[in-house]
Amino acid sequence: MPPSWLILDPLIESWLLEDIGRGDRTTQGLSSITNQPGQATWVSKQVGVVAGLPIAQRVFRILDERIHFKATVSEGETCQVGQPLAQMEGPLDALLTGERVALNLTMHLSGIATLTRHYVEKIADLPAQLVDTRKTTPGLRILEKYATQVGGAVNHRMGLDDGVMVKDNHIAAAGGIGEAIHQIRDLIPYPISIEVETETLEQVSEALQWESDIIMLDNMPLDKMVEAVKMIRHSQKYVKIEASGNITLETIRPIAETGVDYLSSSAPITQSTWLDLSMRIK
Amino acid sequence: MPPSWLILDPLIESWLLEDIGRGDRTTQGLSSITNQPGQATWVSKQVGVVAGLPIAQRVFRILDERIHFKATVSEGETCQVGQPLAQMEGPLDALLTGERVALNLTMHLSGIATLTRHYVEKIADLPAQLVDTRKTTPGLRILEKYATQVGGAVNHRMGLDDGVMVKDNHIAAAGGIGEAIHQIRDLIPYPISIEVETETLEQVSEALQWESDIIMLDNMPLDKMVEAVKMIRHSQKYVKIEASGNITLETIRPIAETGVDYLSSSAPITQSTWLDLSMRIK
Amino acid sequence: MPPSWLILDPLIESWLLEDIGRGDRTTQGLSSITNQPGQATWVSKQVGVVAGLPIAQRVFRILDERIHFKATVSEGETCQVGQPLAQMEGPLDALLTGERVALNLTMHLSGIATLTRHYVEKIADLPAQLVDTRKTTPGLRILEKYATQVGGAVNHRMGLDDGVMVKDNHIAAAGGIGEAIHQIRDLIPYPISIEVETETLEQVSEALQWESDIIMLDNMPLDKMVEAVKMIRHSQKYVKIEASGNITLETIRPIAETGVDYLSSSAPITQSTWLDLSMRIK
Amino acid sequence: MPPSWLILDPLIESWLLEDIGRGDRTTQGLSSITNQPGQATWVSKQVGVVAGLPIAQRVFRILDERIHFKATVSEGETCQVGQPLAQMEGPLDALLTGERVALNLTMHLSGIATLTRHYVEKIADLPAQLVDTRKTTPGLRILEKYATQVGGAVNHRMGLDDGVMVKDNHIAAAGGIGEAIHQIRDLIPYPISIEVETETLEQVSEALQWESDIIMLDNMPLDKMVEAVKMIRHSQKYVKIEASGNITLETIRPIAETGVDYLSSSAPITQSTWLDLSMRIK
Amino acid sequence: MPPSWLILDPLIESWLLEDIGRGDRTTQGLSSITNQPGQATWVSKQVGVVAGLPIAQRVFRILDERIHFKATVSEGETCQVGQPLAQMEGPLDALLTGERVALNLTMHLSGIATLTRHYVEKIADLPAQLVDTRKTTPGLRILEKYATQVGGAVNHRMGLDDGVMVKDNHIAAAGGIGEAIHQIRDLIPYPISIEVETETLEQVSEALQWESDIIMLDNMPLDKMVEAVKMIRHSQKYVKIEASGNITLETIRPIAETGVDYLSSSAPITQSTWLDLSMRIK
Amino acid sequence: MPPSWLILDPLIESWLLEDIGRGDRTTQGLSSITNQPGQATWVSKQVGVVAGLPIAQRVFRILDERIHFKATVSEGETCQVGQPLAQMEGPLDALLTGERVALNLTMHLSGIATLTRHYVEKIADLPAQLVDTRKTTPGLRILEKYATQVGGAVNHRMGLDDGVMVKDNHIAAAGGIGEAIHQIRDLIPYPISIEVETETLEQVSEALQWESDIIMLDNMPLDKMVEAVKMIRHSQKYVKIEASGNITLETIRPIAETGVDYLSSSAPITQSTWLDLSMRIK
């Protein structure tokens, strides 16, 4: 399910205004188009995982509530070359004015879902799950994370406020993992989880001892990662383990096989390119 | 020069709030960090073209005006692996809170500038120029177009209002190129240029006759493009010629050699991936 | 067609709130009026050109969607004294609360359309066209330019971004017309037109040579203007010619007869007064 | 004193963005202008009453805080042709970008102040005072009412919430003046004044009886107005008397001589035209 | 009647977003709930005066327009323990997501209406009326004053702009009551009332002499208050009298019996606690 | 540390505008006050815990940056009757205009901190901690939760997005605790904690089995609560225990003695009244 319209509607309006500016000179200039009925189909020109159609539908509805938009594939479905993704009908001028914003968003999100799916498929038979990061395009986090979820990943924290991540700089500033966790635990809403970034087994051990909720194994060699996982499982504590750093389509499987719970990677978002879709007016 | 702060400041604030949400639990939870002086360096982990540092500087300034940020490379400069891009100092907690938003933007824009540069270099010795399109990430058009410019491209129209583009659907709806131009010319601000998308030499001829300001040769084979250019130049009219469709790193040079003035491609934006940068706290 | 509601709705809401403040004490205080059905007619008390009724309709709709508003004259039509312009029915309290904002806007816009029409009629049989300027009331540009169009004028650029205007200060700062055009052409979106303000024939010649898209003849005596037009037409270049400065109801015709394409004047907006309309409740 | 910046700043930002759009193509395109120091003077081309300079100053400051703007006449002062009104210095590009918005506002407000002054001077030696109405340009009420005050008028209520005005429609709907006042008095904040519009002496008498705070004599012939004033003064009640309807430069004085306290007219705003000012760059 | 939705809707949206943040993880996470039909009842767990149901209804409607909400008690009605206040049906997930915001507002406003009613009942048989003050929770003034009105009080001025209140500091700064009133009367919209805060009979006399519209007797002993009332009534001037300071459930009656017109107290708002309501899903 | 100014500044501006409306008629009307230097002290008229001074300081700074505000007590300090809390100096008119908003907020927040402290002191020597709830005044959650923290409580989740709370309705809809947790865990960001509301020991056992992160014991009798705590601790799982329902100043201690980790209560916010503070101008 896409995020609440209460959150998305102001964004969608701002995107339409970004494109329309002071008016769509071309379609508004064509009086023979105004309010003429029109029909259009969206077609994929590439194989990929579709994400964003419900939001594209909303883009058209906000532009002109007379537009009916019907997705013909589900979110997360893989589309083929030439496959129709959606049918829409309504005033021709509105269809032409809204086309670019709706397509831009869907092409971008589908590109993310597609690359995410490639990563996820590599570890589909393993218990480990792919998670995203905070490396997202400014202004689009909630939707880019929606797209990774559509692609098969699990979301990591959405922002700086719904999860704590203690990194080396925090540890250094506080004077140790224990001190950092102690200070933070005291001030945050109590249901918030604390994750600690570790690079050595000593740090893993310290994070365990101070009741870290999540332990990130950052850029560890595979063998050290295996040891770290063993140490943590052995502690009997309920701690989630996240591997991070250098996760590529090649490395993801061996890292997942170390037994970690999650693998975090920014690649599905930062390395994705747009899925090529087009709109055909009938 | 980046776009006016009057335009960007509200965007920057919204991006910071997108990440911060109700508060940066980690740094705000670490009382030993609060208001401590800190220093950081941005370093590139890839070769690429840098774009976005003045905006990154503004991100930090809006977050905390005590932060001093000094770019050590110019916009558009090619950076090497390991090269420092910027030095900053100010409250450590603010540096940590603002890091991700500032980096995300710069990595994204630099990725675009880098790919743009690859395209531009292919035709650097020819008179034709690369231009961008309206395929931009929703909410970021003005900055993504800033990045293509930093990379060496020329901007096409910014939105639906500062240029007219008559496509096949418009032509069909109006009943011909002449009729479409006639209707539109009558209603738009008079300095706005009219561009007509053509696929055949007949259309080119018609567009010429009706005083199109720009003629786009869309997806034409090279030999037909050469003929179209000849026809247009021959007319002695002051008409700009834009080639469009299937412009890749391989095809860009032969297309440019047909003698067109501009080559429009969405690839520098839609096919770009982020340039890998990182921040190191001292 | 009026500008997109996406653009106007936030303005309309702000205007209603400007008047309503914390509540319409009079109609809200009258419990016997609340939700009572009402009917009203708008009547003109002056002869003039009507502009703004679709926006007035929207004002009432945003205030209370139960109001039905039906314009009985078309935009641009000349109304007579006592002529009904619109019929509306809906909750009486909403009609009374919205009356002032809707009327204020329509009276202001109709005043502009009326004065514009006076100017336009003077040159109706000549090819030259009247254009507006950027002298518009802050916050109302898009609607005031809509009103000049309804009155029969053509719009000039809408803002600083959809057209370039090189004035004497720019020329002086750049060190000449050629240098100014050269610098600007390099940095702007390529479909944007460049207009150069000229006061002498030497400047006209220079502007021609450097491929100015539009040449403005600013405050030139009629005979010099005739010469300038001849020089430009002679060049065979596709350059639009705009006359500017001291365009009054008396001077507009002789200036138009010099053969320029456009005459720009701020008077239709800055010298207009409101058309007197009133609302009668039945 | 102009209205609070808390109220005006968002308006000023929206006006600048209305003009700048996606960027000032001309000055941003001229790299030789960027950040160059500049100086400018504002000069009046007409005799009139100046209003709006403090807001013009703020416009420039919001655009670029490096601009120093010094008004050389006071608000409300009458300026002569050729008289300098303000000196400013700062980055040349910012001066050029902000010029139009700042001038547009000041020319509009000064036009209002000037016409207001003409009205006020007609009754300067009488106790009656000129007041404005709610006929103001949408979005500019607070500033247009500031301008009438600068011109010498007194403000009437600012909106529908800081004063009650019972008109014939309200009276009809409630079933009489007494009933209307009774209902309203019960529901409004108690310091709010109630004004009743009257057209006959019977209505004046009824309004008096029901403790109206202000009685408006609407479109009454002079002799009836004299009688009405006598009746009200005779009652010994503390009631303010406002004359309304058909107040022109010719009628204002005889109406004022009837002994009313206030004369309300929309003309100083709706019949005003802009005062011609210009900016000269040195 | 609650305030206009034009005013309240943006507030309601901000409250929903305050609670929802980036999404209601619980109900959105429960796919078996999504779009399931649901029914709920609001029940009171305390005796009190109900205020806010129309706004609660709007909260649900803004969240999801499919929700039907039917209040079963009227605003201002006293509810009993266990009494149902409203029935609603619609998508179960939307009912659960909106519950807290809608209840929080209603519980808070009903708490205010309840305490207001206690005060009002003490003086129900006397002509004096209870009025509120500007001591209101930031962001909620218009609704908290709506609640005091529902509880039986009369509103005082809504803000700093719809009434003048001259306090000791103003008097001292101006150099006397007369001078203060004189300066202020000259600059404010003429229908605005002027209230003067007095602590001594000398001040009352001075306020009377300078035509204060309202005289506040601030913290006066009962006998002095009686004298002040007598002095004011004796003057035959139409002046409203407001008692202020130390108005409690114990003192309100004797103060009202002095003959003042209004008693202002912040207690109904600042000393109120929430009325306990709950929502039961069927 | 109070929440980020990026979050609070827009709220503060909206609160000032709520009070100021179209202008502070009283102080703006007093020309003898304008820009006069002034000094003021805030004094407590009650014993209580102070919260909100840094935000009050910001209120004045946003209104007029020339105001210097110096708190003389720390957040969370207990103040005595008559104790000065802050000194401020700056333009007298700005001090008077900002007084009410700044005081209203501080009085409200200090009232919450004060009542929170009363609760917290009852269990100061026990390991259990008091936590707040989502019953907060609409628009003020982030600050009211700041105030409970200043008073000594720990924050619960801030909204619907940074923690999951599975209530009986969710359990019923999903068909059991296990099914509900399973569905939710699959869709939420993985660091988000899941809390399950239980009323019976069977539910506690089920919540334990399905890896609930937090178990709420809702309205359980003390002896059953003791058993539940024992069962959970016995499981060796890392589960936090929260007691909820009917937590008063009388019951809080015995409930805390059952060994739960947290006690959640809305009372510190919903049952608090304002701490009485006043501003004295020198």
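When the chains are written out, they are named A, B, C, D, E and F in that same order, and each has its own residue count from 1.
To be clear about the criterion, a residue touches a chain if its C-beta (ideal position, glycine included) is under 8 Å from a C-beta of that chain, and two chains touch if they have at least 3 such contacts.
Since the structure is predicted, the reported quantities are computational estimates derived from the model, not experimental observations.
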Count of contact steps on the shortest path from subunit A to subunit D: 1
If a chain touches subunit C and subunit E alike, it appears here: A, B, D, F
Duplicate of the B-F contact set - from A-F, A-D or C-E, the pair where over half of the pairs recur: C-E
For subunit D paired with subunit F, centre-to-centre distance based on mean C-alpha positions, whole Å: 45
Centre-of-Cα separation between subunit B and subunit A, whole angstrom: 23
Inter-centroid spacing, subunit C versus subunit B (mean Cα positions, whole Å): 32
Contacts with two or more other chains, residues of subunit B listed in rising order: 20-24, 28, 31, 142, 158-159, 161-163, 187-189, 192
Chain-level touch network, classified as line, ring, star, complete or other: complete
Touch list for subunit A against partner subunit B, complex: 11, 14-15, 18-33, 36, 92, 96-97, 100-101, 103-105, 107-108, 134-142, 158-167, 169-170, 173-175, 179-180, 183-189, 192, 270-274, 281
Sites on subunit D touched by subunit E in the complex: 129, 131, 149, 154-158, 161-163, 187-193, 195, 211, 213-214, 236-238, 240, 262
Residues on subunit A engaged by subunit C in the complex (per definition of touch): 13, 16-17, 20-24, 28, 31, 34, 62-63
Footprint of subunit C on subunit F - complex, ascending: 21-22
Subunit A-touching residues of subunit C, taken from the complex the two chains share: 1, 3-4, 6-7, 142, 158-159, 162
